[in-house]
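Shared chain: chain A. Partners: chain B in the first complex, chain C in the second.
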Partner chain A sequence: MIEDRRQRTEDRGPRRHDFRRGLRVFCLLLSVFCLLGMAKAPKKKVYVKTLKDGSYQLMVQGRPFVVKGVCYNPIPIGKSHDHDFWNDPEKPWLVDGALMKKMGVNAVRFYQPGEDLEAARRVIAELYQKFGIRTMMGHWLGFWNYPAPFYDDPEFRKKVKEDLLRTVEALKGEEGLLFWVLGNENNYSFSGKVNPWTSERIEKLGDPRQCMLARAQTYYSFVNELAREIHRIDPDHPVVMGNGELICLDLASEFAPDVDIVGCIIYRGKTFGNIFKGLRNTFDKPLVLIEFGADAYNAQDKKEDEDMQAFFLKSQWGEIYKNLAGSPDGAGNCLGGVMFEWTDEWWKHNEWDPAGWSVQDTASNWSNGSYYLDIQAERNMNMNEEWFGIVKLVPEDAPEKEGQVPAVLDRRQPRKAYYDIREFWKDPKTKRNPRK
Partner chain B sequence: MRKHIFLFLLTGWLAITPAFLVVAAETGIQDLKEIDPADPKASLAIKQAVESALAKGDYENISADLRFLLQHGFGSSPDAYFYLAYIRHRQLESWKQSKNWEGVYDRGPGLKKEIHENLSSAEKYLENRPELLLSIKFLRWQLSVEEGSDTEKGLFQDLIASAQKAPATPEALVLIRQMADDLSVMEDKAYSRGLYEVYAEKFKGTNLTGSQLKDAAEEFIRQKNIYLSKTLFEGHLEQFSSDPEALARELVFIADKYAHQGVEEALDPVYAEALYQRAFELKGAQAFTPDSQYHRAFNLERMKDFESALRQYEPVSSGDPEPVRRREALFRCGVLAAYGLNDLARALSYFERVKAVPSDTLGMSSLYQLGLLNQWKGELEKASAFYEEFMAATRDAGIDLNKDELALLCAERIREISQKQPFPYSLGLFLEGTFGAQGAVKKDFTPAGLHVDVTGRPPKTPVGENIVFEVTTSVGKTGCMVPAYAYEWSGETGGLSNIPNTPVLTTFYVSPGIKVIHAAVVGNAGLEGVGFDMVQVEGQEAGAGEIPRVKDSEVTI
Partner chain C sequence: MKRLLAILAVLLAAAWNVQAADEQAPSEGAAQKGGKVFSVYTDSKSPDNHYIPSGWMGDFGDISMDDKYMGEPHSGSTSIKFVYTAKKTQNQGWAGVFWQNPANNWGSKKGGFDLTGLNKLTFWAKGAKGGEIIDKFSVGGIKGTYPDSTEVSMGPVELTTQWQPYSINLAGKDLSYVNGAFNWVVNADSNPSGATFFIDDIKFEYDPALKPEGSKSQEMPFYVYADKGSIQNHFIPSGWMGDYSDLKIDQGVAENPYFGKTCVKVTYGNKASNGARWAGMYWQQPANNWGGVDAGFDLSKAKQVTFWARGEKGGERIEEFKIGGIMGEFSDSDTAGIGPVVLEKEWKQYTIDLQGKDLSYVIGGFAWASNLDVNPDGCVFYLDEIKYE
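Moving on, here comes the complex of A and B:
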């Protein structure tokens, strides 16, 4: 009996030992799980936080961040849009970055990297490491393909997707990266009036309104697919969808719900009007004004007008700040803005004529009544594409070197807007801005 | 004396520098540092010295001189303090002009502080100097605007109050007017209007007669100061408040000044129509002379208010004592009814009435229009008859059928009918956009798409002079991406041999008459919209090969 008991005890000995060991392991595991459960999930580097009042706030490395950006496309005088500035030996971003930093710029927007992604990576890194300037990296999504973008063609979409994801893979690790920006004003093509594209399926619908809706659905669904892919590859950086005005965003809310931020391109002169509240009602996402601004050429008076440009930009920034999170009277959905643009671009008016790239053309390319100060120009053509720079380019005489094409960086001369916005950012109260 | 004040006020400011510094006679003082504070000419001497220095762009030496004065007997001189502030403000302005933004933004705050301090001192020591007080308040307000200060509105009210209180001396009036002129370039016109109103009140208070106010207002029209002219005209109208007939007459008289008249751009066509409307409400059609009735209609036509224009041309077409103008009005009614209101039947009835006298230019043009509209309706026999009538009349008048534009157009239409060909592309598009599909004409057809305006400038011009037609459209938002449109011009396109596909067409006409020109705007998806305009070409009496102009005695309508 006793033996039995001993035996049982002996038998239980290792079992008890096992039990104790199991208990210890269990407790340890439990502690680990508890600790893991209590600890917050690792934060994304860049994300949008929704505040208690429903406002949106951009967080970058754990701190609130207001986008004070400029579109950056440093094409030198005499070159055109196909110039590979990413590999420019003059490294314009070093001169520009220093000037931007002095002004208070904290982000630049590139429309698309060049073929050489390593060069793009270097530029992003240098802008961030030397000046603290972050990069919004864009992709045209094939919008400027000739003869037209074919968003209803699977082969075309595949190509665009591959190119975009190759870019994301190559640049996602850069510390200076802020957002991915998909498209620009691609939605204007839905009407069939600009960069028209279609397909047999769409044409069969016949009715122009139905064709437009079909194009919108096709395009926004594609953007959504891309946003989801980017989230999978790079969860650290939000995806912005570029859109001209608020046009068709009601459809985007249905077909592109996975984009994180709406990036609007707005040219409404002094005010953005109802855009902030309008977006709340159509596609309630955070908003970055990824392109807005004013040109510095008065087409009516036929002369440079820095006051005019500064006036519009200052008014526009006033509205952006009024609609940031925490601002009492606004919609609280704006994360900041990106002015168009850092430097003038001399190639734009007649891009197919190389002689025109060395001349700052004063001919107007389009008309916009919201920029009312020079709307009485001939045929109301008041928007001068080559004069949107916050900084103007001044040709420098290049030192002649035997047998070499002289290369020298165009001198940068900040316009009035540079200083006006610098002062505004220092003390961003909404000041009265009567136009003199 | 009153007349002298009046003349001075009308012309005085022209001789004054932009800085509203009224320069009087020489003081004879050479060196600013030698001025005696007790010298009654001291203020003037300071003014002159400042002006002279500013003209040379010297800000530092003159500031040093003024500071010297402050320490040597001028410590309580408001002039010295004011001009110190004024000089610094001008210095800041000069930096802005020369785009010295580093100076404006980096040194500017220090300068502004100095300006504020000196203005406060100037005001502190100021006694019974209304003009200087105005200058101080104006500068203080200017500064607050530049700084985006919240006090800016209050300071402007303060300035207005000081201006109202200032005695109506010629100097004060000139100063107020100068300030208002300076502010008239601001986007918010309420600023300059506020001061113009004070100026006008004071001006009226100088016991000028009603007719002098009217003369002054007309002088301001010549100077293109539209707002001030309107304000003074309103003052002039006050004297007729108890006499509706006279008031209506004066309203029309003034409206004619602002309305479209033909050659030059109108000063304010909308204001003109508002005055015409007021006059009509007072006395109905009696308020209008035949000229004014015509001006009102023409003004509305140029404003592209086609329906109202047609309504106003109706009384001209039936009641104007000049037969030529009656026929002109009828013809314009026809064009407006056809291409402005898309009312083909109504248009035909007008043209039928004009063609009753086919030997003049309007009769000939009406025959062509009748042919064209009938051809579009599918009434080809009728159309041919009108065209043939035109050709016969033209031949009878000894006109070269191979040179006259309308004759060439008629020949083209006749050929189309005989060969069963469609209209040329551009004309067909325009008519389709105006009336709907050919042969299925219906009233009130509204083409979808763009609103298209065609405007010819000038709307009345001599034979052989250039006229520029422009198409403007209501383009939907497409950012900087401009839709690619083709502009298809048709109708009487004048002597230009190659008609471009562009929105601007510059042409000329070799024969007189009212020319009707059309444009169709074509986009990727086809026809987007249509527009038209009429221009009146005036020439010498008809010579060989020209269509004879109508003489009053020949007309029976």
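Moving on, here comes the complex of A and C:
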């Protein structure tokens, strides 16, 4: 009997061992599955967070980020828009980056990289690594294509798409990249006023308004296609769609729903008016003002006027902050702004006249009544394209003055707006509501 | 005893004179802070009067004035009678009178009064026949080297044959310097046969219960254009743009209006006289306000703008019909529009949707724009029943 029990015990031994081993494996597998299930999906580097009250916040590496940006196009005196500053051996961004950092700028906007994407990558890297400044990288989407941007032509669209995605592939890995910006004021072409384009299909519609709507649908659908492609290959960075004012954004809400952020270009003087709430009603996406500002030349008094520029910019930043998430009396959909622009550009008044590139023209290209402090200028022409910088360029041979920052090509001299906005950013709540 | 009585009599007489002096009107230029009434006109030659009705404007040749008119004044023995003939003697189509201090002071001299402490202007008015339309009654508004510290208007007003009280709320306004105390303006379109009317008892007062007038949200429908000279009309088609020399407008075309007695006819010539090759027109409040005057209407109750339009021939292309969009120191609060529109020869109604728009401040009540690229021969078109609703 005892021998039988011993035998029965010996018989059970190997099965018990298997069971325990199986149990250990099971527990191990169960732990792994649980850990996988509990682990959160990896956070995107940059994304938009919707808060409980419906307001929007840009998140960068897990923290709220207010865009305090400048449009950056460091064309030296004597050069024009096609100057390849990306490969400029003088590296103006090293001087500008330092000044920007002192001011509090945290992002720069490039309208498009140059042909050399490796050079663009280096600039993005250096701005971020040395100064903590991130890059908003744009692409014109062929808008300035000669003779016209044929958005209804599949071949044209294919070329634009290939070029854009090549850029995305090359630069998406850069730590300093903030987001992509598709187009600028391309929507002004829908009515035929700027860079008119069309197609046989569109012209067959006959009615001019129907033609305009068809162009809007074509373009916004294309932008949506591009946004989806970018999301697929670069999920870490949002896609901003540039748009002049809010024009046609009701159509964008239908045909470009996959863009992450709307980027508006607005020149309305001291106020942005109803744009924040207007966007909520039209195309409820977060908003970045990707281009706004004021010039520093008083066309009425015919002299530089830094006070005038500072006045408008301070007012504009006040409205931006009023409409950020967390502000009690705004729309809560603004993510920040990008001032036009960092430095003056001396080529802009007449880009086809090389003699003019070395002279800072004081003639005005356009009129805007909302910049009313000098609207009484002759023929009301008060907007001076070569004077929008918050930092002015000083030729090398000009007498040195206090406050100028030496640069290899042109010295930089911050204007009053530089200092006023710097102080505003340090304490925006108090600056928006100063005690009387 | 007699001496005592005499002394007493002298003292009483002195006291009486002091009281009488206190009741006299303050001398010119003296501050009137804290005073309760400051008269502009009570009766002809009254020592209480201040300011002189010397600032005649527009078709001043169409105006005659009798400030000693004795026929049924509102109070006292006289009122002021104005006769406006609407003959457009100076080709302006409008006329008005400013009360000024000193006389004929258009802001080049230091004068005026400090009316701080007062908060409204009241007056009585009536028409000889009833139906006379006064475009506006105003306080302040004279510019120049010494500008008035405020400008407040009311109107239009349709007078009756009975004396009616009118009031301009000045609560919260800066009355520290008022040269142009009071003025009225009429126009020939609203009074094609002229207008005879009477004004009396014009004075600044203080009302402790009066609160500053916030922006009043206008009731709907709110017309831009109903008929020529209609009291329902608002905004003035004064903002001519682009090739403005090629534009003509007639607001009283009686031939084939869509509704009522008249419609608007716009003629856009193709000469590109000012080199722009485009043209447009804004209906503004007040006239010629490109954002420099704080005078907008609150049209928040409006859901849409509707209007009727037709082309002379059909096929005229208007690139844009819009509202708002004027930008200046006091910009329109928003903008909305439709276009391009190809007009038909028959009347057709168009709608500008205002959903989601901020209409709290509107100075650009209506506008159109077009160009010679789409209208090589220029164009002629008609508008009627332009309204917010």
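The working rule: the second predicted complex is superposed on the first by the 390 of 436 C-alpha atoms of A that agree within 3 Å, B and C clash if a C-alpha of one lies under 4 Å from a C-alpha of the other, contacts with A are read in each partner's own complex, and residues count from 1 in each chain.
Going forward, a residue touches a chain if its C-beta (ideal position, glycine included) is under 8 Å from a C-beta of that chain, and two chains touch if they have at least 3 such contacts.
The structure displayed is predicted, hence computed values, not measured ones.
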item	value
Superposition on chain A - do chain B and chain C clash or fit	clash
Touching partner for A:G269 - first (chain B), second (chain C), both, neither	second
Contacts of A:T50 with chain B and chain C, given as first, second, both or neither	neither
Touched partner set for A:P208, first chain B, second chain C, both or neither	both
Touch count on chain A, higher of chain B and chain C	B
Which superposed partner A:W366 touches (first chain B, second chain C, both, neither)	first
Contacts of A:R422 with chain B and chain C, given as first, second, both or neither	first
Touching partner for A:S191 - first (chain B), second (chain C), both, neither	both
Touched partner set for A:Q61, first chain B, second chain C, both or neither	neither
Partner chain(s) touched by A:G278 [first = chain B, second = chain C, both, neither]	second
Footprint overlap on chain A, where chain B in one structure and chain C in the other make contact	191, 208
Residues of chain B defined as touching chain A within the complex	96, 99, 101-102, 104-105, 145-150, 152, 185-188, 191, 470, 472, 475-484, 503-504, 523-525
Interface residues, chain A side, partner chain C - complex	191, 207-209, 212, 268-269, 271, 273-274, 277-278, 281-282, 368-370, 372, 375
Of chain A, residues touching chain B in the complex	185, 188, 191-196, 208, 244-245, 247, 265, 267, 306-307, 365-367, 373, 379-380, 383, 385, 414-416, 418-419, 422-423, 431-436
Chain C residues within the chain A interface of the complex	290-292, 317, 319, 326-329, 331-334, 338-342, 355-358, 374
